[in-house]
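These notes are about the structure you will find just below.
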Amino acid sequence: MAANHPPNNEHIDDNMIKVEVNLDDISGEWLGFVMDRLFEAGANDVFYTPIYMKKNRPGILLQLLCSNQALSEMKDILLQETTTLGIRYYPITVHRMERRFIKVDTEWGPVTVKQGISKGKVFQSSPEYEDCKNIADKHHIPLKQVYEMVWKQL
Amino acid sequence: MAANHPPNNEHIDDNMIKVEVNLDDISGEWLGFVMDRLFEAGANDVFYTPIYMKKNRPGILLQLLCSNQALSEMKDILLQETTTLGIRYYPITVHRMERRFIKVDTEWGPVTVKQGISKGKVFQSSPEYEDCKNIADKHHIPLKQVYEMVWKQL
Amino acid sequence: MAANHPPNNEHIDDNMIKVEVNLDDISGEWLGFVMDRLFEAGANDVFYTPIYMKKNRPGILLQLLCSNQALSEMKDILLQETTTLGIRYYPITVHRMERRFIKVDTEWGPVTVKQGISKGKVFQSSPEYEDCKNIADKHHIPLKQVYEMVWKQL
Amino acid sequence: MAANHPPNNEHIDDNMIKVEVNLDDISGEWLGFVMDRLFEAGANDVFYTPIYMKKNRPGILLQLLCSNQALSEMKDILLQETTTLGIRYYPITVHRMERRFIKVDTEWGPVTVKQGISKGKVFQSSPEYEDCKNIADKHHIPLKQVYEMVWKQL
Amino acid sequence: MAANHPPNNEHIDDNMIKVEVNLDDISGEWLGFVMDRLFEAGANDVFYTPIYMKKNRPGILLQLLCSNQALSEMKDILLQETTTLGIRYYPITVHRMERRFIKVDTEWGPVTVKQGISKGKVFQSSPEYEDCKNIADKHHIPLKQVYEMVWKQL
Amino acid sequence: MAANHPPNNEHIDDNMIKVEVNLDDISGEWLGFVMDRLFEAGANDVFYTPIYMKKNRPGILLQLLCSNQALSEMKDILLQETTTLGIRYYPITVHRMERRFIKVDTEWGPVTVKQGISKGKVFQSSPEYEDCKNIADKHHIPLKQVYEMVWKQL
């Protein structure tokens, strides 16, 4: 499951696979479920794109990223949970920034901020969604207000 | 079925309805079929938009235009052929241009061109797709070439 | 909150409103949150469409359905949780089918099936997603398999 | 052209029209141009949605908002600049927040911030894009950095 | 044309190519035609995605899958039938399940069901669309009803 | 910057890279800006696709094409101007047609037409957008009319 938890230092990963499936005979209900299943099983990312398929069919292109080691399990889930008869894939390189986690204090408690760092320089500072959401839910304040407060503290 | 074949003169039609249905538990295969059925039954237009629905579901917004008189039949088809439990709609006004059909000669035979006219002035001149397609199929030439030839003759 | 829980008999509701907001300065993270908030507050439906806005901006069209009585609360949430400066809306009619809930037995326990009925005739029979999902999660079987079993029992 | 420049106080405008056109025989090049033309002529908003049309055609739904007084000019532009033979529309209500413009100082000069206010309370504070873009271009700094600086000053 | 008719046993095909073209100066009418042409010429799949291109242009990303041997013919069609000046591509691996075709009897006659099989286990059982459509058309029954009957017989 | 200005003769370029980034925490405003920045820095193409990401988030898939030499600069811009923590990429081959530029005279002055040529045969003849736009703006005529005039002259 290494690929699911890549190291936090900046690195280039040459061991990744992009998997794609075209789907025109599955409902949106099932697709919502499939995404969760794939993430739980170690997919690094999963996302859908609306596509136009033959015979006037609105379809979905499922794309996922996983490590070479996880490919076999991803295929199993796609077979079990979708309607596909074919799975295609190709190697892909991923350059991941260094990730560092800092704490920022707000009047409602601390919020984790994920920093993206390259060559020692901080490029991104993203408040963690789940932290902000929990505060918004608990204190009945808008999520927007929580983010704005964190940004000011940075 | 008057609305299905609106008159060819320029006019404003205040008798039209836009019908909408959100679908998250139907496959693309069925949706391709539904569109044809609705057109055959007299819909003036039918089209799909990809939408994001709750629980991470990619869904489809089906929209159709029909006359007030056709609404009841459209509802019947939506019930029979889709998975919806609710159908929503609102009145809509349509300003239709005058439509005139002229013939343009090409080396492969005549092509109908549909003209759109407002207050006596020609704004649109569209080669009829089916005519061009038939020529392309029969003479094994690119569709693009047929259109370009018609445009030059206009 | 009547509109949030419309009656289960077949009826036509003339008291509904469609609300629309265009958004080009909000992130996807916040939009996932806003949808949940609007449903919790009584929206009958909420969905997003990708749109092309000025200055080459990919944006989102937020659409929601609510009763006239709920409009004011929906506006408040949109102001608090999104970045919009304007909210537009128009009345819309909804024809809702009769809803009836039956139980279907499977080897893993009962599943609720929602039926859609018009003029006394059953048009839709949809296994309830949450029931199927719970069985799939608990018994470690594909969701697809649960649905297929329910369909066979119907 | 009042509708193009609605008043800055909070108000509900019952004089607006939503116009829609389906397009399957026009190129993306022209559509980029049409949007600019419609804004210049006083449209309050213009946006595109990808749609699935008959005969397997990817099409575009053009939507625009304008005042009743501007409708006639919008129709003229749609006729001249697109390929449509029909234009549909319906009335729509717009609730606009109060807009107030304040100046925020940054190390690169002042930036206008547009505030959205309802019942006297500030809900939105959006740095003006053009101001931030000009600073980013002139000082060769990321746009992101300019926004972040403005947010901190608020 | 082997790739167009891959063998029915489960296998991994390392001989496939994904071809991509961005299009911003072509109409939806032509794109509907192009898809058919590419399938006729042996493309294994063809699909469209709506994309946002420069200068505010809604465009289309055409993607197709074909064997290495078919690449040259695909390029010819793209040149002849679209407006592109460049065609890009990369190798892609396809894992295809075993396909087996069984017959299911219904009150309106037999329907072919395509089964997807991996390592000897049946994962998919899809009623053939054309069979179901023919029955729905001939007997004037909803397509949904035909599928539901086949599912019950499985 | 050779890749940014590939040669005008027909050739196959094996030195290209497709770069992809998934974005769910950035606004449309910034994305409009990023596209321009990437083009200015030598990207051969940049385009966005709407995607469905986890937690019900509408996101954007940014794709860009560049030469191997430009990859490093593209990464820098993506880090500076977007919110991403990871950048993925894979090699891609591009077959570019010969490009030739001819002048076509119209009553409003000359228009450049870009021709796409393969094996010495002209497949595409596209009026240059900027030329046509300038004429439309200067002479207050529809863009459509300018294109139609150029097509007739070809």
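The first chain written gets the first letter, and so on, giving A, B, C, D, E and F; residue counts start at 1 in each chain.
We take it that contacts are C-beta pairs under 8 Å (C-beta built on N, C-alpha and C of every residue); 3 or more make two chains touch, one makes a residue touch a chain.
Here the structure is a predicted model, which is why all the values come from computation and not from measurement.
Q: Which rotation angle, from 0 to 180°, best lines up the CA atoms of chain C with chain E, given as a multiple of 5?
A: 180
Q: Chain D and chain B are one sequence twice: same or different residues at the contact, by the over-half rule?
A: different
Q: How big is the gap, in whole Å, between where the Cα atoms of chain A centre and where those of chain B centre?
A: Distance between chain centres: 38 Å.
Q: Where the centres are mean C-alpha positions, what is the separation of chain A from chain C, in Å?
A: Once rounded, the distance between the two centres reads 24 Å.
Q: Go ahead and note the Å separation of the Cα centroids belonging to chain A and chain D.
A: Taking the average C-alpha coordinate of chain A and of chain D, the gap between them is 31 Å.
Q: What residues in chain F touch two or more of the other chains?
A: In chain F, residues 25, 29, 35-36, 48-50, 52-56, 58-59, 80, 83, 90, 129 touch at least two other chains, as defined above.
Q: Once you draw an edge for every pair of touching chains, what topology comes out, line, ring, star, complete or other?
A: Graph shape, chains as nodes and touching pairs as edges: complete.
Q: Which chain F residues qualify as touching chain D in the complex?
A: 29-30, 33-34, 80-83, 129, 133, 136, 142-145, 147
Q: Once bound in the complex, which stretches of chain B touch chain F?
A: Going through chain B, the ones touching chain F are 50, 52, 54-56, 58, 148, 151-152, 154.
Q: Can you check the complex and tell me which residues of chain F touch chain A?
A: Residues 22, 25, 49-55, 59, 61, 75, 79-80, 83-90.
Q: Which stretch or stretches of chain F touch chain E in the complex?
A: Those residues of chain F that touch chain E are 16, 18, 35-36, 39, 45-50, 65, 90-97, 99, 114, 116, 118, 123-124, 126, 129.
Q: Which chain B residues qualify as touching chain A in the complex?
A: Of all residues in chain B, those touching chain A are 23-29, 31-32, 35-36, 48, 50, 53, 55-60.
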